[in-house]
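The letters A, B and C name the chains in turn, as written, and every chain counts its residues from 1.
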Amino acid sequence: MNMAGIVAGLRPYVLGLAGIAVLTAGWAVVAAAELLDGVPPPLEVFSALGEQLTGAELWRATGHTVAVTASATAIATVIGVLVGAAIGMSAMMDRLLGSTINTLRFVPPVALIPVVLLIMGFGSGSEIVVGTFAALWPVLLNVAAASREIKSRFEDMTRIQRLGPVRKLFSVYVPGTVAATITGVRVAAALALILVVAIEMLAVPAGLGHQVRFAGNALQLPTMYAYIVWTGCVGLLLNSVLQATERYLRRP
Amino acid sequence: MTVRLAPTSAGGRQTSDVAIEPTPEVAGRGSIDVSGVGYRYPGAAAERQVIDDLSFSVRPGEFVCVVGPSGCGKTTLLKLLSGLVPAESGGIHVDGVPVQGPPSNLGFVFQDHARALLPWRNAVRNVEFGLEAAGVARKDRRELARQALRRVQLPDVENLYPAQMSGGMQQRLQIARALAATPSILLMDEPFAALDALTRFALEDALLEVWRELGLTVVFVTHDLDEAVYLADRVVVLRRGPARVVRELQVELDRPRDQGRTRAEPEFVALRYELFETIRAL
Amino acid sequence: MGRRDGSGMGHLANVLIRLVLPAALIGLWQVASTSGWVNPVFVPPPDRVARTGYEMLTGGDLIPAAAATTGRALLGLAIAIVIAVPAGLVFASSRLADGLTYPAREFFRALPTVTIVPALMVIVGPGESLSVLAVVFGAVWPILLGTILGVRETDRVLLDVARVHRLSARRAVVKIRLPAALPQIMTGIRISLAIALVIALVVEMMSGHGGLGSMVVEARSRFRNTEVFAIVAVIGVVGLVLNALMVRIERRTRHDVPA
C-alpha cells in the first residue's frame, strides 16, 4: 500500500481519537472551572475506573448484568422466534395473536417493574422478566415479517417442488429468516440491557445499575462516573459483537 | 393506466389560454458540440477509459438518437453533455458556451423514473419542483405545472403521488417536469425502456409532438433500434470500450410519423436493417 | 398485522377472534386470583383493579400525573428533535464533523441512557429540568442516527436531479436531502418516543418528583397493590396512545408506499 493509502486508512482513527480528546478536554475544563456542580475531573474518574478494574466488585457487577441481559435476550429470542414464525406462517395465528401483540408491544417496559417486583421480589428473576418483555418485540416482529415475506414468495415454489414440511422449514424458512432474526436479536439485547440496568438502579441490589446508583447516593462521584463510562463500554462491546455476528450471517 | 395513444394530428389536442411557447430568445438555441472528449470514472478499480476521443454535434431543433451496446457509456455521455460530470479531455459546448455545470436551458429525463421523481411530492408538486428550481414566481407555478401535465397528456392526476402511478404515468410526469421550465435541449436516457410496447408507442408519439411544437433539441439514448429509427432525424452509433462514434445514420422518413404506417415503410425497414448490421459488426 | 376482511359478518368474526386471547388472559387472571392460585394481596383480581382504577381516574391525581409524565416525555422529545436533526445534517454532510464525533456518538448510543440519571441528579438536582434533560439525552441518539443514515443514503439519482436543476447545495438539502431522509428520521423519532417515556418514568421513579412514575413507587411503598396495578395499566394506555399517534403521523409523512 502506498503512503497516501495508509494515511487515508488511518484518517478515521485519527479523527475519532481527536474527537474523543476534544470531548475529554472539554470535560476537564468544565470540571476544573466548576461550571457544573458535581462533575469530577476526568483524571479522577479514570483513576477510579482503574481502581475498580483491579478490584472484584466491578467484575462481579458486570458478570451479573451481562448474564441477566444474556438470559433475557436468549429467552426473548426463543419466544420471539416461535411466536413470530407462527404468526408469520399462519394467517389464523396472526388473527388470534396479532392485535394482542400490537397492544402489548407498546406498553413501556418500565411500567412492568413495580408489578414484577410485587410478584417476584427483588432478585434476578424480576430482572430477567422485565428484560425479556423489552427484548421480545424486536425479535418477534422481525421473524414474523421475514417469515410472512418468505411464505408469500416461496409458497408456490415449495408446493411445486413437493417439499415436505420439515424440508420446507429447514431449507426455506430457516435460512430465509436467519438474517432478520439476528438483527432483531441485536436490537433486543440493547433494549434488554437498558431495562436490566434500569431495574438494578431502581430496585434490585446487584449489577452495574446498582453500582451507579449506590456510588451516586454515597456521593462517590468519581466512582459513579467510572461506572457510567464502564457501562457504556460494556454496551459498546455487546453491540459490536452482535453487529459483527450480524455482518457475518448476512454476508452473501 | 388507460393507454391512450397520442393523437398525431393537431385536432385532438387540448389547448389552453396561456400555452408554454418557446420564448423567442430560446427558439433558435439548443446546439451541442462535442469534440475529442474523453472520460474515466475516478477511483474505479481499473481506471478504464470509458469514453475516448468522442466527437459529434447536434443542430438546434434536431432529434438525435444514440444507440450502442450495453455498458458502452451512453449514460456517461449524457452526464457529460449535461455537465453532471466534467470531461477529462476535449471540449463540450452548448450554444457555443463550454459546459462547466448543468446549463439552464437543459432538461434531463432519467432512465429510472421510480428513483428520479420526488416520492414525497404529488404529481403537480413534482412538476413545480422544476419551476421552483428555475426561479419561477410562486403564483405562476401551479398554472405552468398544469400546462406541462396537459402537454404530456396527464391532466387528471395532479394529486396522485408517484407511488400511486404506473410506470408510463411516472415517465410522462418526469417529462412534464423537464418541460415545465421551457428548456431548449432535452436529454433522455432510455426513458421508455421499462415500459410495455403500447405505452411506449403512446409516449413516443407524445414526445414527437412536444418536440415539434416547442422546437426542442433532443438527444435520446435507447437500446431499441426500431425506436431510434422511428424517432430520430439522425442516429449516432457508439462502439464499446472506449466509447466512440462509429457511424451516423441520417433518417429522412416523412413527418409527422405514424406508428403503423412509418414502421411499414420500406425505407424504415432498410434503415433498421442497416443499423442492426452496424451494431452486430461491432 | 392488519388484514382486512370485506364483509360485515367477516369483520365481526375478525374482531371477536382478536378478542379471544385478551379475554382468555384476563379470565385466567381473575380465576387465578379469586381462587387463590396466586396470592390476591400481591396479584389483585382484574375486577378490583378496574374498580380502583376508575375511582382514581374520577377522583384522584391520576390524570394530572399522566399529563405530567406525558408532557415531560414529549417536551424532551421535541427538544431532542430540534437538536438531532440539524446535527445529523451536519454530520452527514461534513466528513470532518462526522469523523470527529463518530466514536463518541457510538459510545453514547450504546450507553444505556438511564445510567446518566444519577449524574444528572447531582448536576441539576431533582425537578422538572432533570426529567427533561434526561429524556433529551436519551432521545437524541436514535433521531441523530436516523437523520445521518437517511441523508447519507439519499438516492444518487435524486442528487443528480438536484444538480441538473441547478439547485445550490443549501437548497438541495432543504428540497431533496431532508425530505428524502424523512422516513428514516421518523423511524428514529418513533424509537426515541419509546425511550423518552421509559426515561421520564425512570426519573420519576428515582426522584419521586411527580408523575405516574413516582405515583406507582409511592403506592408500592404503601403496599397499595391494587393501585399499583391500576397505575401500571394507565401507563400502558399512555404508551399505547402515544405510539398509535406516532404511527399515524409517520404514515401521513410517507408517500412512497401506495396507501
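Odds and ends about this structure:
Everything that follows uses one rule, which is that a residue touches a chain if its C-beta (ideal position, glycine included) is under 8 Å from a C-beta of that chain, and two chains touch if they have at least 3 such contacts.
On a predicted model such as this, the values are computed, not experimentally measured, just so you know.
Central chain by Cα centroid: C, whose mean Cα position is closest to the mean of all protein Cα atoms.
Farthest from chain B, judged by the mean position of CA atoms in each chain, is A. More contacting C-beta pairs link the chains of A-C than the other of the two pairs A-C and B-C. Here the spacing of chain A and chain B, counted between their Cα centres, is 51 Å. Per-chain CA centroids place chain A at a distance of 17 Å from chain C.
If each chain is reduced to the centroid of its CA atoms, chain B and chain C end up 48 Å from each other. Chain A contributes residues 11-12, 15-20, 22-23, 36-39, 87, 91, 94-103, 106-115, 117-119, 144, 190, 193-195, 197-198, 201-202, 208-209, 212-213, 215-217, 219, 221, 224-225, 227-228, 231-233, 235-236, 238-239 to its touches with chain C in the complex. Taken together, the chain C residues at the contact with chain A in this complex read 1-3, 14, 17-18, 20-22, 25, 38, 42-43, 96, 99-104, 106-119, 121-123, 194-195, 197-198, 201-202, 205-206, 213, 216-217, 219-220, 225, 228-229, 231-232, 235-236, 238-240, 243-244.
On the chain B side of its complex with chain C, the touching residues are 79, 82, 84, 101-102, 104, 106-108, 110, 112, 115-116, 118-122, 129-130, 132-134, 161-164, 181. In the complex of the two chains, the chain C residues touching chain B come out as 155, 157-158, 160-161, 163-167, 171, 175-176, 179-180, 182, 253, 255-259.
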